[in-house]
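Here's the structure, in structure tokens; my notes come after.
So that you can tell them apart, the chains are marked A, B, C and D in the order they are listed, and the count of residues begins at 1 in each.
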Amino acid sequence: SENIVLIGQALKNEFVIPEWRVFCSTIEKIYVEAKSNTDGKVANYIPQLSRYRPNYWGVSVCTVDGQRYSIGDTNVPFCLQSCSKALTYAIACTEKGADHVHKYVGQEPSGRSFNELSLDHNKKPHNPMINAGGILTTAMIEPHLKPADRFDFIMNEYQRMAGGDFIGFSNATYLSEKDTADRNFALSYYMRENKCFPEGASLQETLELYFQLCSIEVTVDSGAVMAATLANGGICPTTGDAILDNDAARNTLSLMHSCGMYDYSGQFAFKIGLPAKSGVGGGILLVVPNVCGIMTWSPPLDELGNSCRGLQFCEGLVSNFNFHNYDNLNYHGNTKKMDP
Amino acid sequence: SENIVLIGQALKNEFVIPEWRVFCSTIEKIYVEAKSNTDGKVANYIPQLSRYRPNYWGVSVCTVDGQRYSIGDTNVPFCLQSCSKALTYAIACTEKGADHVHKYVGQEPSGRSFNELSLDHNKKPHNPMINAGGILTTAMIEPHLKPADRFDFIMNEYQRMAGGDFIGFSNATYLSEKDTADRNFALSYYMRENKCFPEGASLQETLELYFQLCSIEVTVDSGAVMAATLANGGICPTTGDAILDNDAARNTLSLMHSCGMYDYSGQFAFKIGLPAKSGVGGGILLVVPNVCGIMTWSPPLDELGNSCRGLQFCEGLVSNFNFHNYDNLNYHGNTKKMDP
Amino acid sequence: SENIVLIGQALKNEFVIPEWRVFCSTIEKIYVEAKSNTDGKVANYIPQLSRYRPNYWGVSVCTVDGQRYSIGDTNVPFCLQSCSKALTYAIACTEKGADHVHKYVGQEPSGRSFNELSLDHNKKPHNPMINAGGILTTAMIEPHLKPADRFDFIMNEYQRMAGGDFIGFSNATYLSEKDTADRNFALSYYMRENKCFPEGASLQETLELYFQLCSIEVTVDSGAVMAATLANGGICPTTGDAILDNDAARNTLSLMHSCGMYDYSGQFAFKIGLPAKSGVGGGILLVVPNVCGIMTWSPPLDELGNSCRGLQFCEGLVSNFNFHNYDNLNYHGNTKKMDP
Amino acid sequence: SENIVLIGQALKNEFVIPEWRVFCSTIEKIYVEAKSNTDGKVANYIPQLSRYRPNYWGVSVCTVDGQRYSIGDTNVPFCLQSCSKALTYAIACTEKGADHVHKYVGQEPSGRSFNELSLDHNKKPHNPMINAGGILTTAMIEPHLKPADRFDFIMNEYQRMAGGDFIGFSNATYLSEKDTADRNFALSYYMRENKCFPEGASLQETLELYFQLCSIEVTVDSGAVMAATLANGGICPTTGDAILDNDAARNTLSLMHSCGMYDYSGQFAFKIGLPAKSGVGGGILLVVPNVCGIMTWSPPLDELGNSCRGLQFCEGLVSNFNFHNYDNLNYHGNTKKMDP
């Protein structure tokens, strides 16, 4: 029946991106241009990441009405790493409400490094997209369950956001992360000293869960559906499953917009103007609200930790399409930008 | 002829806010609720500001198709103060292009106080909405003119943005600002040491011009038209005059969105999700892109320097209307919010 | 035979403090004056410290030729806490040499709080008198021994420095310290991330040993002998036992001089001009080089963590005696200060 | 008659350095060793400094009983630069008393760069040996005199400290300093904002006087007498003129000890243990309390701004003589150090 709806929309030309073929060929063009970009270095603080081949490069798009297009290394699993912070925050907001979540974590860009040993003037992490904040949002989800059940619960939510597409787990990455986690332990002890944790949360268990979530694997295809769920206000476009509260989706996009790209967040908001979250595994989870979700993946990172090819793709996207947050201002003069 | 267009649109119900009466009565309701808010303190670092009566409270709206509504103290002049930074940046971007402007000033929220004695890691001010950045954008506008002519030029641009509505100048404020400007002098010498100024710029002249721009007066009515010019991509909706480049308007909105409300900017972006710029005189220049410009004015400020009644008004606005940047996510569930 | 030496010196009036009775009665006068000082608050971050009675007040002096005087609560055991950092550093320097020790820890006052989460520009703790540095010097002592043997070794060195006088251990304090050690864990993980630890050191074992050393107990009498050992270039004046290298004693005094009194160190060096190390248990280990060691103990602390009565005693001492580091400048004019 | 006293002392072997010839030949040996050191770079932020030849190298000693020895470039004038801060502080303390001076400036090492734009937690400069503190102590001296008379007064005090030896003024340096003074202007405006200046002080006049004091010239010979005046408790050893209060001299030595060598101060106190003040012109004013004053001069500076040859000389000095602050600890074991 879903197919019938799709076909019906197609016949009536009612899709959010009516000119799908033009759109896809433009995406392909941007993909190809970025492919020749050999900048950046693969993360190497753990062996599992350093083994990613630098020429991996994949992009996948899923629109809010379920149309899909992907190109390149589309079925190689990679770890979400920090991309998971956006998803975890969305789940925490859905479970507990934003007011509860933000008792423990702020909403401000930190103006500092993602793993900086500092808290804001309220003695809270600046926002949920940096490590300190990500650890605390992890602590909030189903705190009364046992570790195994908490992991299962979140894994299941991720799976639902991906519409049942591939979700895996790299145990080797998890073990390595746990083993090279001095900064995150330092952050967590510092937060515990400042009474940042929700009552009853175990520092050790929270960190282990946090590392596990960083070690969850997706492909660009499954990641694109996750992003599309955010673009679609929390309803998975391929299944119709309502996973996140509308407000939780809105809040997640707000914070991805302002804080999702490490120290490049302000420039990204300025130039690209779209909510995004990058991870040290080379993924970028990109959302065009009400239009589509996109996942890009290429391991080589720039100095700030964002995927080089991924960033180039984002730039190509907004220079070809009217996707920048403030792109649709009443226009005077000429533009070559498409409204797809 | 303009009226004929308006009437024509009205007849065809083509206005951006079709239900104008409902909209205005909601605005009135929000205005009235905020009126009883007696929080905050009037700025008192110069006598001219401290003399503002704390019960002044005015709001004015101007839509991108020129419909207007205002209530309260609508014709009392007040100084733009930091609101001018957004306008100056918009003019600088139109004159020189964003690439040139951002050679000298960044695009990141600073995570620090608006007048902090610090530069970003490139030895540039973090963004043009804080004092350091505002001083540099001032330095870029018509640098080869004489001081009097530079002031006239910018005054004239402000007047055009306001569609010819009231623009004044408080010389007493200017003289006081200049006299209590230790921090701005400290910032400017620090920037000059770090070679932040455009070549040939005079520190003294630039600061004087900067203080003059802070001392320019508007009413909420003229300020709303200025905001509407930004909402309308740079074209004044009451005159049709194209003042700002479309890109300059877009960039201005991006930076107002992320950096316009002092240390509250991140929370404002999260909760309100609209571009805004506040000033220590009690004004807030608020933009609903493609819909309307709004100016609110009430002198009592909270601890971060934002007008208390103005903030309450912004909250009322987004709780009544679908105006938050990510409010229009495909909705599931019930909402009481209007799409005006 | 020792007594015979003492008597011989006494007969020949060859003691370092020839006018012993005058000296002791002055010490008594300063003691009594400080007794009425009721400023400060007893540390309460662990119950064991909060139970110290605020009116405890004891002072003990031991000269480099073994003369002794004490007054007040002279036989109540109290925990060394941070006073142990000076002793541990002295032992580490004797064991490994200053060059080795300072590969891992700096010599600069930090200009920051004693437990600040920061390292110097070489990614080392600023000095061995703050927590971070104290943890690292602990890591250096007999690293190849088992935990029990390492503790025994250091305990024995402390005992030798105290000339066999009372040394105890508060296991309850140790267990409490270990239990409220978030900041020290944060510091240690941060240091491990920055590869600050000597090769092979265990973070967990080092911290446990560090907490144990903080929990070692002395009385003002035994503490004064320890201080006298430092004053005497590393030879215990009551036993003649050479415990510390001369250089190690010199280096310890240098760093106590500049960094021993938490954030008050600079002012203490300026006003008092003597090497000292205070602890949160209320003790101050004070050294008058080549003259005597003094231990004062009174639990109420000022805001910077130094014993209020202890500080007043130090001020009384240098206003009565020529003990300030630069007090013996060729004098012109009148002074009431004694050269005891 | 002075000579007769000297001869009398010499005959009775009562000089502070009895073995004068041995001492001088050791100084010569240290001088020669340092001469081959070609590390460092001559300061070049103003042309007047950059013109100093890098091979200039001179040392002069003046004992507290007026014995003198000098070697190398002993009669080339060079600017005191920051060395003047120690002298200015000594004069301010003599004029106003330390309590008054320290209402405006602290006594703590800053743990930060000498010209850092920061104040301590009391909103005062950390100490009088950094720029901010130096500017304020300058403001305190004879504030009611006219600029010319203030300069004359201080110049005269400097001359008295130098026992009438050469004191000059480099007007070209002064004009250049004034012209490249952005940081000092930034610091001063920041301090004025924080109400750091004594009442009635003019920012502009104070800075001009400060730059003038930095531009005062000495030779190593006249500088050594200045240092000897400090070593001698404020009485010039060559004239017997009592210039500084004993307390002022003591306080100056305390702060030179802890804060005199820029960011190297802590390490210098640890390794050398003597009060010293270096300047960017390549001079080091070194004091051996109650023994002698030493001035070294060589323009090439290390990265922290201290003269490379000068530092090597200081190291040579304390490795040959018992001059380190804590060197005279009762000694056990063998030493090769002389007690000259």
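Throughout what follows, a residue touches a chain if its C-beta (ideal position, glycine included) is under 8 Å from a C-beta of that chain, and two chains touch if they have at least 3 such contacts.
Note that the coordinates shown come from a computational prediction; the quantities given were computed from them, not determined experimentally.
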| item | value |
| --- | --- |
| Those chains which touch chain C and also touch chain A | none |
| Touching both chain B and chain C (chains) | A, D |
| Farthest chain relative to chain A (centres taken as mean CA coordinates) | D |
| Rounded Å distance between chain A and chain B, as computed from the means of their C-alpha atoms | 32 |
| Mean-CA-position distance for chain D and chain A (Å) | 59 |
| For chain B paired with chain D, centre-to-centre distance based on mean C-alpha positions, whole Å | 53 |
| Touching two or more other chains - residue numbers and ranges from chain A | none |
| Chain pairs that touch, as defined at the top of this document | A-B, A-C, B-D, C-D |
| Residue ranges of chain A touching chain B (in the complex, touch as defined) | 64, 106-112, 126-127, 231-235, 242, 245-246, 249-251, 253-255, 257-259, 263, 265-267, 269-271, 273, 275, 289-290, 324-333, 335 |
| Complex contacts: residues of chain B adjacent to chain D | 117-118, 182-183, 185-190, 192-193 |
